[in-house]
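Next, two complexes with chain A in common: one pairs it with chain B, the other with chain C.
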Partner chain A sequence: MLGEGILKGLGETARNFAGSFVSKERLTTIQYPEERAEPIEATRDFPFLVYDGNDWEAGLRCVACQICEKECPPKCIYIVKSTDKKPDALGKPQIYPTRFDIDISVCMSCQICVEVCPFEAIKMDTEFELSTTDRFGGLLYDRAQLARSNEYYHSIHPTEAAEVDARLAEEKVKADAKAKAAAAAAAAKAAAAAKPAVAAAVPASSEEPATKKPEAETQK
Partner chain B sequence: MIEKADQIFVLLGHWLVSFLPAALQKPALVLLAVVAIIVTFPALFAITVLLERKGLGRMQNRYGPNRVGPYGLFQPVADGIKSLTKEDIVPLSADAVVHFLAPVLLVVVVFMGYAVLPIGRNMTLVNLDAGILFFFAIGASSELSVFMAGWSSRNKYSLLGAMRAVAQMISYEVPLLMSSLAVVMITGSLNANRIVDAQNQYTYGLPHWYIFTPWGFAGFLLFAVAATAETNRSPFDLPEGESELVAGYFTEYSGFKFALFFLGEYVGMMGISGLGTTLFLGGYSAPLQVLGFVPSWAWFIGKIMLSMCVFIWVRGTLPRLRQDQLMNFAWKFVLPLSLLNLFVAAAWRFMGQGFLRWVVCSAVLLIAYVVMARVGMKREHFGPRSYRYAE
Partner chain C sequence: MAVAEDKTERLPGWNRPRQVEPDGEGELLEVAMGPHHPSTHGVFRMDVALDGERVIRLKPVFGYLHRNHEKIAEGAGYLASMPFTDRLDYMCPLTNNWAYALAVEKLTGQEVPERAEYLRVILGELTRVVNHSSAIGFLIQEMGASGTPLMYAFKQREKILDLFEALTGARMMVNYMRFGGCRVDATPAWLAGVRKVLDGLPQFADEFENLLRGNEILMARTQGVGILRPELAVNAGVTGPMLRASGVNYDIRKVDGYGIYNRFKFRVPLGEHFDVYDRFMIRMLEMRESFGIIDQALKDIPGGPVMDPKAKIRGFRPKPGEAYGRIEAPKGELGFYLISDGSPNPYRYRIRPPSLINLTILEDMCMGVNVADVVLIFGSVDIVLGEVDR
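After this line comes the complex of A and B, so read on.
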């Protein structure tokens, strides 16, 4: 009959109206500045640069390879390579970024820079209260503003950071083994040069590039 | 004491003008009443907006505005300041004069409707003999302002919205008039005060409101539907359907002109609620004889606010109609029923005081309702949709 549905609907809204005063579960609103939602581990908004150790300038993992700069869809990353090399956290001499700027007013939080980075140097942050009264300079973050310690990374994304650390440690072991093998080979070569009768039969360690598989850590 | 409270505004007015020379007293009294209306109803409008925003929020399990002042009570003030300080943009190709006049006309017209409404005992601004006629004549002018707004904006959405509004308002004006005509027939007067007086009687402490008769009940429902459509209110808010028309006829309005449209719309709603109250809900009379000590104006305002709450409730419940549904409903259902209601009212008048007229009138209306709902509102089934794609 005509009107039945209208009455039913009116009843439903009346129930909701009255219910919202009675039961707190109905009101799902979190009143933001006073109340806050539970942090979600997979949250991401803008990228930051990871550094190891205590000194951000020395420990920056970034080697200014510029892959992220090239891959960034809205082109919000600006990198200037250094001309000299300087030892990174592992003591290996590396090129480093003299400038690493991210315009977070342009950044679209796509996480592609994180996915393409072979050095686990750029990760996504969870900090979202970034509003500023300076709309140009205030939203252009330089190296110092972007640098965050690995501990911070652990605190915001524990699972992901643990995976990254495990992978880096594995790579370090491999790199060490490779370096050891290379050293051994060099030593053997030197020995062979001394004793040419012995064939240089030292097998080279399995050639494996130090790059990681980017898809491994981005899947959520 | 009760008499004093009931007549407090009348006495206050007379006391205030008593300081003036005798020649000026009458115009001053009228002016005072006009100012009182122009101050009271926008204040009620502010309360309504707050009620609406909070009420709709609660219906959707939200809090609604709760930041400005305690419990968000100062939200209307903030809204007012915002719309007053906003930039007023007139499109370059718009007809500037008409564009300016449209909201002004709407507000003027809407306030003029209050001139004939009895807001309380002895509180009618102009006690016109043809008061109801005046109200409808003035109310019809709001269509003009809506069309002026839509046409002068030179915007396709505005024009479409205005076209829809005019089509809708003219269609629903007919049942609106027809349903109130029954009251005029029974009372034998177009004077709003006499209509209220006719309802302001009690039997066993219960009032003689027209809504408590079969034809009055049907008439009130039809009136409510038509009034909702007439004021472009959800679910009949097609002229401003934001999903398809941005904002309808006031798309190109910003700042204070937009606020005027908003004010006009709500004050118009209150005006038509006031008319419905006068016609069917006994105007300023108390719902029970024992409650007669409450001032009459309080009952009138209370009834208006109650109907505003129903408007809000309906808005929170029903989805917007489609244009063809809207027109079908007006011409195939509401209009025939309101015509029939006229005959039923006539039958009621001539069937004497007995029990029989209750049975006959209720039965006729009920049967008509069921049959018309079945026949007139039958859904047409076109079968499943078929699509043809380019090859």
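After this line comes the complex of A and C, so read on.
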């Protein structure tokens, strides 16, 4: 029958129209600003800088190594290295960025800066309502605007942030162990250097530090 | 429906009608369709010369979306080009990623772990479903059925894009595949989500087909329109659903068996009438084959890493040489040709875009048809301007 196909198609449309009153599955539109879609954890849009502790300026993880600046495909990151060193969150003196700007209007949210960062210092945000009337200054974010606490990072990407924290903690333990071992070795060396002057006649004493060092390592 | 006997005189070895003579009196009307015509899928212009309703000449004009991608890629490292490939064919970024990753892997000789290969197949086939359903939606939209079929396609697309977002972090600009694997691993919850969406897909395909297939208006508009003969299709280098709708059995998934495609069972649908309706049905059937491939991949996906642990993502220097990586993208053969001179940047970076090459036979298909059918034939080529102009 001519028109049968059209009627069948119309029937399909009618089924969906009627169905949208009873089935949530068929009602697909979300009335954004009033309603919002469920956030998806892996979502990313623009980068931010992570800091530890309460003071963003002191706690920034970034050490201005400039790898992200070099790897950024649209070249939207601008970093100026400091000339002096400042203690970071762990108390180790580090170079820090005196300027760290990201031009959000150029950024294409590719996440390559996050992937190449060896210090877990830059991560992706999920905030997307960033519209502004000032398209030059308003979209060029500086350090202060980019800095977010580690707690904020945990709140938006819990799984990923937990992994990062575990990795950092592991690294810290390793670094501490290394530092302690180095300190112990240095102390032993100093002792060994001091001892021969006192007891140069006793050859057995020079072997003492060598046996002590493995002990120090196993303790940690 | 049988194909009407084609009596136009043709050049030897080339299917183009020698000339379409204007039959009426008076002057030809030259119309510029585009670059902002609602049917042009973006910024594309067709300069059409009309004799009444009949098309006498058609000149495609593109380049409005040129972004210098190839030259930028030659100045940037290998990794930095990966996010730019998302923006080639923005309907299916994952297959673009895949083709580029494949080319670089060939260049450096990297191995891809099993699990990553399976993930690539799942994502690639989901992309094919997204692309084919939207392509059909757009094709029907160009026939004048504005909205409804496209929204049907987009309803399903949205569910798949949510899956992409949950895995890769972005709906469209995914930047997911890496040289030697994939960036992040899929969780069991994500795979369960794919299964859930996959279970709904056959029903969606049935509804979509119900809505459209038997429709008399659609059949009257598409059957016997825009015939592309297999000889011309092969000579012009047309690939993908376009070529298969012309009855040529050529699917790179079968021919090359790249990745792990030779492990899956699927059929390659072929057209018989070489017209717009065949191109529409081929996409429908290919979509259903994709469901089967995803199903098999979900059953067999092994555990293990998704990234070659030895792979370096940045700062590597491939040995001097060249490589061509090609895949069956939803629109046809997508290839990346790379030449390395041993530096961290490619010496030459060339893309073989299926959209552009499929578009070259547009004039041949449109010669002598009515102007309303030009839009339809153009829609059946299924192009994305991001890929045509690069």
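Just so we're on the same page, the second predicted complex is superposed on the first by the 183 of 220 C-alpha atoms of A that agree within 3 Å, B and C clash if a C-alpha of one lies under 4 Å from a C-alpha of the other, contacts with A are read in each partner's own complex, and residues count from 1 in each chain.
Keep in mind that, in the parts below, a residue touches a chain if its C-beta (ideal position, glycine included) is under 8 Å from a C-beta of that chain, and two chains touch if they have at least 3 such contacts.
All values reported here derive from a predicted model rather than from experimental measurement.
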Chain B versus chain C as contact partner of A:155, first or second or both or neither: neither
Partner chain(s) touched by A:12 [first = chain B, second = chain C, both, neither]: both
Which superposed partner A:73 touches (first chain B, second chain C, both, neither): second
Chain A: partner with more touched residues, chain B or chain C: C
Which of chain B and chain C A:2 touches, first, second, both or neither: both
Chain B versus chain C as contact partner of A:41, first or second or both or neither: second
Which superposed partner A:31 touches (first chain B, second chain C, both, neither): first
Partner chain in contact with A:98 - chain B first, chain C second, else both or neither: neither
First (chain B), second (chain C), both or neither touched by A:110: second
Which superposed partner A:132 touches (first chain B, second chain C, both, neither): neither
Contact residues of chain A, present in both the chain B and the chain C interface: 2-3, 6, 9, 12-13, 28
In the complex, chain A residues that touch chain B: 1-3, 6, 9-10, 12-14, 16-17, 19-21, 26-29, 31
Complex interface listing, chain A residues touching chain C: 2-6, 8-9, 12-13, 28, 40-44, 71-73, 108-112, 115-116, 124
Residues of chain B touching chain A in the complex: 55, 58-63, 66, 313-314, 316-318, 333, 369-370, 373, 377
Contact footprint of chain A on chain C as seen in their complex: 76-77, 79-84, 148, 155, 158, 162, 165-170, 173, 175, 183-184, 207, 210-219, 313-314
